[in-house]
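Given below, in the form of structure tokens, are the structures.
Common to both upcoming complexes is chain A, partnered first by chain B, then by chain C.
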Partner chain A sequence: MPKLGRKIGTFVTGTSLVKLILRQKSDQEFELGQLFVAGKDRNDYSIYQIKDLYYGSQIPENVLELMAGYGLERDNSDFKVYEPELRNYALALARPLIHVKGNQRFIPKKLPSFFSDTFEIDDGHLEFFKEEKLENPLTIGKIRSGSKVLETEVKLEAAQVLSHHVLIPATTGRGKSNLVKTILYNLMENEQCGKLVFDPHNEYYGAATQKGLKDHPKSLEYLKYFTIRDFPGKLDLKFNFKGLYPSHIVGTLNFTPPQKDALFTYYKKYRKNWIEKIFDENTTTPEGVQEVTISVIRRKLTLLLDVETDETGKVVKERGTYTLSTHETTIDSIINFLMEGKTVVVDSSLFSSSEEIFMATIIVDGLFKKYKNLKYEDKLGDKPVITIVLEEAPRVIGQKVLEAGENVFGKIAREGRKFKIGLIAITQLPSLIPREILANMNTKIILGNEMGPERRTLIDSSAQDLSDDYQTIASLDIGEAILTSNFTKFAIPIKIPLFEHLVEDKTATSITDKKIKTKSPGF
Partner chain B sequence: MSGDKRKNPLKECVEFIENRKLGYSKEEEPYSPSPDDDVFEIQEDKIFEIPHCDNVRKMGFVDGGNGPILRSADFNISLSRVAGVLFVSNEWAEPSITPVKIEFYSATVLDVSDKNKLCYITRFFPLEDKFLEYLPQKELIFPINDPSIREGGFGFADINDFGGIAMRFAEWTYATKFINDELDEESIFIRDGSLQSGYTNETSLAEELYKTAIRKRVTVTGLSKTCRLFTQKGNSLNSLIHYIGNNKYPNSPWYYHPIYRITKSQESADLYFVKLHKNSFYSFRFDILLDQAKKMSDDECESVISNLANNSNGLSYPGYPYGLIKADQLAAVRYKELEPQKIQLLAEFNQDDYTKFILPRLRAVNAHDLLNIIRK
Partner chain C sequence: MNVKIAHVSDVHLGAWRNERLNELGFRAFQKTIEAIIEEKVDFVIISGDLYDVSNPNVEVVDLATKLLKELNDHDIAVYGVMGSHDFSPSNKSMMRPLITAGLFSDVSKGIMTKENKISLEFTVDPKTKIKLTGLRARKRSLEIEDYHILDRKALEDEKGPKIFVFHTMMSELKPKEFKDMISAPKSLLPQGFDYYAGGHLHKLLPERLKEKSFKLKINQKNNIIYPGAIFPTDFRELERMKSGGFCLISGDMIENNLTLEAEFKPIKVIDIENILLDCANKSVLEVKGSLEQELYNRELQDKIVTIRIFGQLSFGKSYEIKSNDIIQMCKDKGAYDVLINKNALTTEEYESISIPVGKTNEEIETALIKEHATKVKISNFSSLTMEDKIHQLLNNLGEERQIGTKVLTYNKDLEQTVRNIFEIPKSKE
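Entry: the complex of A and B
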């Protein structure tokens, strides 16, 4: 019978199935979040996780305090602790994660037997992760036991996970950007998923001194970079006025009800030329719209679209991203790239937050309409899933924002999966997102977060019971995460690889592949 | 009633003690009820520093524990445990042959013996067959009027004390085997308590142990946590010596000798008082078997004491040998474990017999327990 591994402790007792107490073997060091196994053999065992640690002693507490006092206040050179390995020790609180029997997995429902030994986990215990053949894998990271990283990779079915939304909550400096870059890098060649990334810090594409998605060996083929910067290989981030709809503008700026009515009236009357007509003072004001209302709208649009007009209201200078004359196909191009399964990075780092939201709204609205139409035409089946990466997600799907008025991101969060569009929502403050939307985010990759209310929000909305992970979430180091998903049997502790290492490894593999290829014609 | 205010009775009580117990007189010696015992005047120059232990010797410690499972007026069932702890080079070592602890039930009944006399009869029931050889081979029989079991002031012994008596007997038999199989020349055997063996037939078991130890050249000793000896002027002997010893050596371990040599057949010991660690708050009575002590030089006796002190530096209880702490832990019978044993035991009785014959016997002594429950 194959042994389970190296013995690290023994179950002692427990107050319930999810609060088991085990004693640490004296030559071991238990860690918060550590995984271990117990059971009959390698064909019948359970995986457990340590949820808390505390001291155990055969010596009464007041005597322990006295012992500490001797150490502190007396010359302790001739004192001795006899049999320290028996008398003082560490105890751990643990819960079972999954039971493995043969090639089947079950949610644990049985207590381990009294004094049953526990063993260090190794990759052999996680073979079932490798056995799952995925058509369209999304690699998140490697399984982590406490701070020890195992070789087993965690892969999920990309289309399924991405269409059901992903939430990445973490405070600054815990590895959010690294995680997103890693996901996008691993998905780069996956044509079954289109990736739309709004990049407010211009950190995903990469620069001369900074590794980014551009360093993927296939980036020329699969990566499209839209920016207003002057950068080799970039695509112009410019939109024609004709691509704009009143709903884009209403979702970005605050308008009074008469102003909103005026916008829709102009659109109804002039269709694609509606903005041009608003600026043109020679246009007859439609019936029911006050001249003063139009003046206010003109002023707001001038600021939003970053244009200059002359005294007649005619646009004489286009200083920013919006133009009357060219770039009528930018939105279509982006959508087409996405439908080809490519990664589109939109550099919004030079825009204000409201400008960024406006631009994102224009693109996403176009995409959503397109996929909706395809769905109605019954042509969506073979189209790739689209995932939209949103930084500071509560700006568009926060409780207050959605209460002020529905927007396209809210619609996607609620019903996007029907149309194969999902969000990768990144935030430091998940508590600002409505519960209903949080519950819809079926996969959460939880990075370190020390803010109590935020941790509570995550625990309350997770796919698995994380009720005893309150401390663990706070103690997650950079790159350490808990993956909780409707598509995994249990919440998996993972380590996200460092993006720079991933790039180096991939580049090395790619060079090796090329060498093999050059040899192949000789066969 | 007089108008005088009566003092607080507690204060009066304290004054009564203070008037008699604040201070010691200069010339004192132990009180001995037997003219054959040697007693020595208490003097400061009999206090010595315990030297550093240069010759670390093998040590064996034995202690027992017991608890009643079923108590009645005329029978008793108890659970007892006796444990042995071996220290080699002042580190715990697994005994090679002897079990670390033996466990047994003892059942005692008050019944008429073969000789038609009313007796307490105790029989041993080891939990495992292999423990049998470590227990007294015969049942214990005490006539009801045996003076060694009689409680002070009362005519008869309490049958519920026999669990403890059975444990004492088993301590001697287990310890004899322990000395024989685990200890060798120059080893030290330390018993928890004095070397007194007061119950009828206990002395013969103690003598068997002494014979074995003398043959193997193992020194037999006993360390008492409590000491009820007193001086001729009514002071606690231990507290008086502790006072003097700490005055002379406030920052060192020390021992006091000679003070008292007991020469009775059931207790033959040369007594020491020892403070085994400089940071200890306690001094203890320490006995060395008199026959051996007589033949030992002062250096040899000192070596025994310094070995004991060397084992008394455990941070959890400085000044008390760790070997005895461990033996106590291993032998302890805890209240928590008695209740499940009781349920198991009651289940073994035939239900009808239990109701007719056993329950009334239990009720004869458990009314007080019921009162305690009601009081809560």
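Entry: the complex of A and C
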């Protein structure tokens, strides 16, 4: 019978199936979050996780205190405990995560037998992760047992996970941007998923001194970078007025009901030229719209679109991201790249938060309409899933924002999966997102978070029962995470690789099989 | 010093199978050359696709030689690059004789350096001392890869007035109706040139140049111009463009500083009459009636007539709408030529298949291959690589067996070509 591994402890008792108590073997050091196994053999065992640790002793507590006093107060105390490994020990509170029997996995329902031994976990116990044949794998990280990292990688079916939304809750400095970069890097060549990334800190693409997605060996083919910065290979982050709809603007600026009506009236009358007509003082004000209303709208639009007009209302200077003459296909290009499974990074770092949301709304609205149409035409089947990476997600899917009026991100959060569009929502404050949307986010990659209410929110909305991980979440170090998902059998403790290492490894392997272009016809 | 440059693009000599339409294309080029000579320009830039294919027939080469020779006789030099249609990777383009004869100066010259960079050379126009360089195109815009390995610094550091000639669509300038066209980021163009002479797009850009007597000041924000084709090259362009033209770039050069402005010179060789006929819920008889009415109401004398018939017939079959009858009706009214497009005409009796309206055969082929490439998995080829390989395969399968080549040799060569394309090692037998 194959052995289960190295013995590390023994079950002693327990107050329920999810609160089992085991005693640590004297040469071992139990850790919070550590995984271990117990069972008959390598074909029939359960995986457990340590949820809490405390002391155990055969000596009464007042005697222990007295003994500690001897050590503290007497200089030459030769006081010793007889057979200390038997009398003083560590106890751990543990719960079962999964039961493995042959090729099958079950949610544990049975208690381990009295005094059954527990063993150190190794990659052999996690073979079932490798056996799962995934068509489109998304690698998140390696399985972690406490602070020890195993070799087994955690992979999920990318299309399924991404269309059902992913939440990444984390406070600053816990490895959030490293995690997102890792996910995007691993997905770069996956043509079954289009990746749209709004990057308010310009940290994903990379720079001369900072590694980023541009360092992927296939980035020329698969990565598209839209920015207003100037450098070779970037695409202009500019939009033509004709691509804007009243709904984009209503969702960004505060308008009174008559002003909103006026916007829609202009659009109804002038269609693609509606903004130009609002600026044009020679345009007859449509019936039912007050001249003063239009003046206010003009002023607000001038600020939002960052343009300068002359006395007739003709746009004479376009200082910002919006233009009348060119860039007619920016939105189409972004959508086409996404439909080819590419990664589109939109550098919004040089814009204010409201400008960024306005721009994101224009793009995502176009994408949502396109996918909705494809669905109605029954042509969505072979199109890639689109995932939208959004930082500080409560800005668009927060309770208060959604109460003020529905927006395209809210729609995607609620019904995006029907149209193969999902969000990767990043936030420090998940509690600001409505419960039903949090519940819709079927995968959560929880990084360290010290804020109690936020941890509570996460525990309450997780796919698996994390009720005894309240403390563990606070103690997660940089790069350590808990992956909880409707698509995994249990909440998996993981370690996310350091992005820089990932790039180095990939570059090293790609150099050997990369064909370097040494000729181009005509040169 | 005054400078005057004619910027011509996408002539596509020999683009039509229909000889009468080809003749009009020739006439448009002839008129362009006459206008250029009349304008007394210093030199001409042709930004790609003078020919429609790299090995056109002798009439096409003969005409091109004759007209470029006329420019040469008037001491007007011609600079340019080869386009996606007339460049040949094996250096077998019929542009070569024109280059050898000194009638066309290819400015896409340079070397591949040891560092795998393309280092372009400048060609200096002796009259104006303006420096020209550029990048030729390849099929399916494969030249975009080359932009990534251009030695930009050397180009940008070059002092003096300079012009960059290219045949690639720039993403940011792409008009809405060309949204699916392969394009490159504008930022890939080397910076600091006085003028960027673009080709490939068969539409004038910036569009405002079409306004009568409008002159565009060339500055840092407006220095990329696509003159568009001089004559339509397919059915859709006959509908959209009507006619083409070239751009006249003129201005002053004071101590190496160029101040330029651009204006558009239309070239019209014929009037075009477009008829659109929606057949939705109509029977064949009703369609015929509507068409007769349309033709009766229109003036067709000496015009090209395009008729696009689309929609789903409620009764009857599409072939019952006889093209020959329609052509005869138009000819009876004096039409120069008639083109009919029934690609998007369907009948209820057949299951509908989706044919993108208004796409050229080449575009449909490219789209189908693109779609197919995502579904086929060979080795670890990405869909983009697969796409390229399918194109290569089709091109090679299109090569006919040369006279004198044995069938066995031809078959063996073909097998080897297919092996090379898909990187299949030779079997051991």
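In the analysis below, the second predicted complex is superposed on the first by the 511 of 523 C-alpha atoms of A that agree within 3 Å, B and C clash if a C-alpha of one lies under 4 Å from a C-alpha of the other, contacts with A are read in each partner's own complex, and residues count from 1 in each chain.
Keep this in mind: a contact is a pair of C-beta atoms (placed from the backbone, for glycine too) under 8 Å apart; a residue touches a chain by one contact, two chains touch by 3 or more.
As the structure is a prediction and not an experimental result, all values here were calculated from the model.
Of the two partners, chain B and chain C, it is C that touches more residues of chain A. Once chain A of one complex is fitted onto chain A of the other, the partner contacts of A:Asp78 are limited to chain B, with no touch recorded for chain C. Judged by the touch definition given at the top, the superposed model places A:Gln58 against chain B, while chain C stays out of reach.
Of the two partner chains placed by the overlay, neither chain B nor chain C lies in contact with A:Lys109.
Judged by the touch definition given at the top, the superposed model places A:Tyr70 against chain B, while chain C stays out of reach. Here chain A touches chain B in the complex through residues 58-59, 63-64, 67, 70-71, 74, 76, 78-83, 87, going by the rule given at the top. Contact residues of chain C toward chain A in the complex are 87, 89-91, 108, 110-112, 116, 118, 136, 138, 145-146, 148-149, 152, 171-176, 178-180, 183, 185-188, 206, 208, 374-375, 382-384. Partner chain A is touched in their complex by these residues of chain B: 92, 277, 279, 313-318, 322, 325-326, 329. Residue ranges on chain A touching chain C, taken from their complex, read 189, 191, 218, 220-221, 230-236, 238, 242, 325-330, 332-333, 336, 340-341, 382, 516-523.
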